[in-house]
Amino acid sequence: MLLNEGQVRIPSGCAIAGIINRQGQGFGGGKIIDCIANMHQRSNGLGGGFAAYGIYPGFAEYYALHIYFDCKESRNDCERYLTKNFNIRLQEPVPVRKQARVNNAPIIWRYFAQPKEECLAYTQLDEHEFTARAVMHINAAIPGAFVASSGHNMGAFKGVGYPEDIGEFFRLEDYQAYLWTAHGRFPTNTPGWWGGAHPFTLLEWSVVHNGEISSYDANQRFLQMHEYRCTLQTDTEVITYSFDLLMRKERFNLAETISVIAAPFWSDINDERIKRLRRIYGGLLLNGPFSIIVATGNGLIAVNDRIKLRPLVAARKGEFLYVASEESAIRVVEAHPDEIWSPGGGEPVIGLLADRENLLDLAPHNDSIARPA
Amino acid sequence: MAHNIMMPAFKVQRDEERCIRCGVCVRQCANNVHNLDEDGWMWVQDDKCVACHRCAVLCPTRALNIIEYPLDFRGNQHWTPASIREIYAQAQSGGVLLSGMGNPRTYKNYFDHLLINASQVTNPSIDPLREPMEMTTYLGNKNHHSCGEKPQLKLDIPLMFSAMSFGSVSINVHKSLAVAAKSLGTFWNTGEGGLHPDLLDFGRGAIVQVASGRFGVHPDYLDNSAAVEIKIGQGAKPGIGGHLPGEKVSQDVSLARMIPAWSDAISPAPHHDIYSIEDLAQLIETLKVATRFEKPIAVKVAAVHNITAIASGVVRAGADILVIDGFRGGTGAAPMRIRDNVGIPVEMALAQVDSRLRDEGIRSQTSLVISGGIRNSADVMKAIALGADAVYIATAALIALGCHMCQMCFTGLCNWGIATTRPDLTKRLNPHLGSERAINLLAAWKHEMMEMMGGMGINAIESLRGNRLMLRGIGLSKEELGLLGVKGVGE
Amino acid sequence: MTIINAADYDNYELLQMLEKMPQPEIQISHVNGQRYIACGWKNNKRLILQGTVGNNLGAFAEGPQIVVFGNGQEGVANTMNDGQIIVHGRVGDIAGYGMRGGKLFIKENAGYRLGIHMKAYQEKKPVIVVGGSAGAFAGEYMAGGTIIILGMNSNQALIGSYCGTGMYGGAIYLRGEYPSRNLAPNLKKEVLGADGLAEIKDYLAEYVSFFGDTMENITSAPFTRLSVEKKRPFAHLYTGFVS
Amino acid sequence: MKVVAWTEYCLGCGLCEIYCAAQHDGYNGNVLKIFKKGRPMHRSRLLKAEQGTWLNTCMHCTHAPCINGCISGAIKRDPNGIVYVDYERCVGCYSCVMLCPHGHVRPWSERHQVLKCDLCRDTGLPSCVANCPNGALQLVD
């Protein structure tokens, strides 16, 4: 009997890519599909996905919930729960097109929702925390329902198949986003569950990731102390929660956050503050090979593990920043970048929207929900 | 360093009534345990003895006996003599404890808790002496979509000789096994140390290894082979690399490994071009391209906790043959702590991996070969019934060649001419005799297997593969039976 | 010379076609990410590649002459036995892993783990020359051969940390300083004058002939040579033990 | 017939000499007895040189100089071609010792006779061949 992600930990290798227009100008999904398709050989057809930011400008103040259902009953159950806790502005199926190589798709809907005032008042949670808990509740307690994404003005599109086929399936060319990330997956085994594909998201966070975190259980047990439940048993979930804890909750800036998750060796740390951070948050050091792209509405950051066990290439062309596992994936959409380089281990590539540069901060705080229209 | 406080591990007993001062023991012991003075005085140095039994076996009057040193520590269930001696050794040297061969500890051996079925009345048993009995098996990708296109290995017997590098073992071990494999219609494995020029003619019967050190790997080596095996790990030391000390890198070893003589040969822990599963897919493809898709590509991994996921990944990465080596697998040298504490039994790994690959519908894309402590034909039968396509043996083959399991392979002073590269010791293994003994062993096993299969009413090895109904567990918990996927006795 | 447009074929079609082509010199344009080019080749064919070449270029090869006008990715010259690869750009990680022979010239930067476990054997002496800088772990476990890092066409540090860790043969030449505190315990470093460059003069001349700098310019800065002090860095790591 | 030594696999252990001695003179291969009670005299000698060790033993030549030179007709050839010493006739003149170009015949001074390999003609497979632990000795036609 094969177990889904969430019931068993499934390591995987992968290809990743990300593109941001730092002026917040939207562009269609064709570019990111070309990018990830170039690295076809890095995946094995058991998972592909995309995250897109800025795609729902008309609903920017709503949480855009992309939810996968196994059957009608799970949709009914989930909608009952949603209507009890959220005001739903619009609900509709996510448009898809038939694609010969994409099978067994779940029922995929999206909901533009805001937590009900009375629910916030009753639970005394801020709306992010409230929504985050609602997402965790749906994933854990409503059988057959899975929240693929839940941020403002963004969405995750993922499934079982090669990423280029998934992109076609979700008609990504119809969306205009200023920030796209993509993932081609090479899981070591999977029952073919759409929820298990990447990117993994929480609120506005999305993570695509290549590699296997050897410290997974140490990390997840640390996160448990901070009330995160790693129900999916994936490395990506741990990465996302680590960013959420450090940046959204603890309000560390990017440099500090990177100094925790890809901590320099003790012998290389001179700064007392960084030393202190490592002493306290040593449990969040992500050990093992990884290259990740973490994105929010503010921008993206790409980073390798501290001894760079996975490939990562970045390039700049005008207002565009590209990151990918392989240079060819960038060249296929931008043949002549202004600059192209391989970042070192633990050396982040940061691409923030031009008006967020001073933030040095990826996190969506309550007080900074302003987004490009 | 002050006086060593370690007492000897063994005591050499010489029966003076029988000793004729012929000096055979003196001449045969590479550890210089035996000494004969000019005045005819025989004396021994017990602390140098490793209990390899060479002297005792060759003594023409059976005057020698070797026993565990009788001086024992005061009884203590926790601080056993071994644990105390290990501390003495490390306190004296500051070194990582090294040992040879496979995990010798008392972990449960699941082969010994499985029993084999036989026919009675409802279907007839078969007499292998007079009726046809097919032992032929093919290894490779047998996916029905690609059958006929993918290269396969044909085995006349579902047994192969497992990887042992030249350098860790002598050239005469390679010669013995290469000749035996050819005669038996099966394959031997070069290990990671390259192929010695003397054995070029046996390359086509060899599975050649590509390991992290890439010793002796070049286009001709890949071409002149039956299959290529990427060695990710081995059961005796999962997760770590290898280290052939310069003392063993003789001129001959240098030829095969293609490194200067007397330099250390270090195999890194990982392949540095494989840090993730898609990198394995890449190396598999690289080797397929380099061999023009003519050779099956095998991937050998150690049986570890996450073996099912690893196996699935390896198969999906394109491996035609998946080799799983259990924690009882032998080695020329391994840090003792790793050998004794890392990895899992191959029986469990095999049962779980076979089930997992079938659940995922990808079992036919690969052949499953297991290794690690296979002692006899019954172990082979049980492995095949649990789901293996074939079985690799190495320690059993070395024992057939004379190995006495003293576990001191790493010293290079093997008195049986096996784990050594010293010419005077190497010549102690005559490959003509060695190949004969290896052939005898496998021929005997083959016959025993045919008898057992006949007893089950099965006359083709394919019908045994994955036929777990032919097994029953004895003395196992419900959970263990579940993990092995077999019923309990009487069920 | 035969010219192929790589964009017209998928990766395996391209490889198959190359395998069958008898021409001694082939030019391929619009290469972008195609893997395994010249893998396992045993010939002296000359390949001219334009674009970004995919992983494992020239892996396990013995003899081909490959010129890349563009960049390489991971695993260039992986376990190469002989031949020559000239990259007029940068390369990714693990270039020259386990290389036993032949030469690899890179105009710009090399990624992490350059030339690790490189080894020499008899007449085979692998050489890597990097015009730019190299990432961490360069020459790790190196057992033989020569790595030269010039740090010229780069805005990064000449070399990353852990250079030559576990190295037990061969030599690494750096055009510039190497801080003593970073020196692996088994290595020694020497600052070389112009006469110290005799051993690598030919390689530098080749570099100049490919990439067009001048010998004077290259040799105007002092070189540092890292080589093995203790030939057997791990000789006392283990203890034999009769249990 | 003769015993051929395979230098490549000779270990130099010396068991050939020991068993050779034990096989003769009525000891029937009992090593202990000959060494404890008798006077072990081996017929062939293990040679040691820089290039290795090997058993130096009679080749039972077709035109054996020892037979031709024997003054008492003590050195004979049996129907199998084995050249042996008839101790009833040997008078210890040592002509054969001098005539053998390979030194395969040795004086047996205390009995004033000579020693040479007889391929254990009374007991079957030569004892040296039977007891070589590494198959380095072979009986060939």
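Which chain is which? They are A, B, C and D, in the order written, and residues in each are numbered from 1.
Convention: a residue touches a chain if its C-beta (ideal position, glycine included) is under 8 Å from a C-beta of that chain, and two chains touch if they have at least 3 such contacts.
Which chain is which protein? Per UniProt: A = Glutamate synthase large subunit domain 1 stand-alone protein; B = glutamate synthase (NADPH); C = Glutamate synthase, alpha subunit, C-terminal; D = 4Fe-4S ferredoxin-type, iron-sulphur binding domain.
Here the structure is a predicted model, which is why all the values come from computation and not from measurement.
Asker: Mind naming the chain pair that shares the most C-beta pairs in contact?
Answerer: Looking across every pairing, the one with the most contacts is B-C.
Asker: On a C-alpha centroid basis, what's the spacing between chain A and chain B (glutamate synthase (NADPH)), in Å?
Answerer: Using C-alpha averages as centres, the distance is 45 Å.
Asker: What is the distance, in whole Å, between the centres of chain A and chain C, each centre taken as the mean of its C-alpha atoms?
Answerer: So the centroids are 36 Å from each other.
Asker: With chain centres taken as the means of their Cα atoms, state the distance from chain C to chain D in Å.
Answerer: 65
Asker: Centre to centre, by mean C-alpha position, how many angstrom separate chain A and chain D?
Answerer: 87
Asker: Where does chain C touch two or more other chains at once, residue-wise?
Answerer: In chain C, 35, 55, 74 touch at least two other chains.
Asker: So which stretches of chain D touch two or more other chains?
Answerer: none
Asker: Give the residues of chain B (glutamate synthase (NADPH)) touching no fewer than two other chains, as numbers and ranges.
Answerer: Chain B (glutamate synthase (NADPH)), residues with two or more chain partners: 282, 285.
Asker: Can you identify all of the chain pairs that touch?
Answerer: Result for touching pairs of chains: A-B, A-C, B-C, B-D.
Asker: Within the complex, which stretch of chain C touches chain A?
Answerer: 11, 32-33, 35, 51-52, 54-55, 71, 73-74, 90, 92-93, 109, 111-112, 135-137, 160-161
Asker: Spell out the residues on chain A that touch chain B (glutamate synthase (NADPH)) in their complex, using ranges where they run on.
Answerer: 1-2, 9-15, 41-44, 46, 186-189, 191, 210-212, 289, 309-310
Asker: Where on chain B (glutamate synthase (NADPH)) does chain D make contact in their complex?
Answerer: Spelled out, the residues of chain B (glutamate synthase (NADPH)) in touch with chain D are 18, 20-24, 27-28, 57-58, 60-61, 424, 427-430, 432-433.
Asker: For chain C, which residues count as touching chain B (glutamate synthase (NADPH)) in their complex?
Answerer: 15, 19, 35-36, 39-42, 55-56, 59-62, 74-75, 78-79, 81, 94, 97-98, 100, 113, 116-117, 119-122, 124, 140-141, 143-144, 166, 168-169, 231-232, 234-243
Asker: Report the residues of chain B (glutamate synthase (NADPH)) in contact with chain A in the complex, numbered from low to high.
Answerer: Where chain B (glutamate synthase (NADPH)) meets chain A, its residues are 275-279, 281-282, 285, 306, 308-310, 312-313, 316-317, 356, 359-360.
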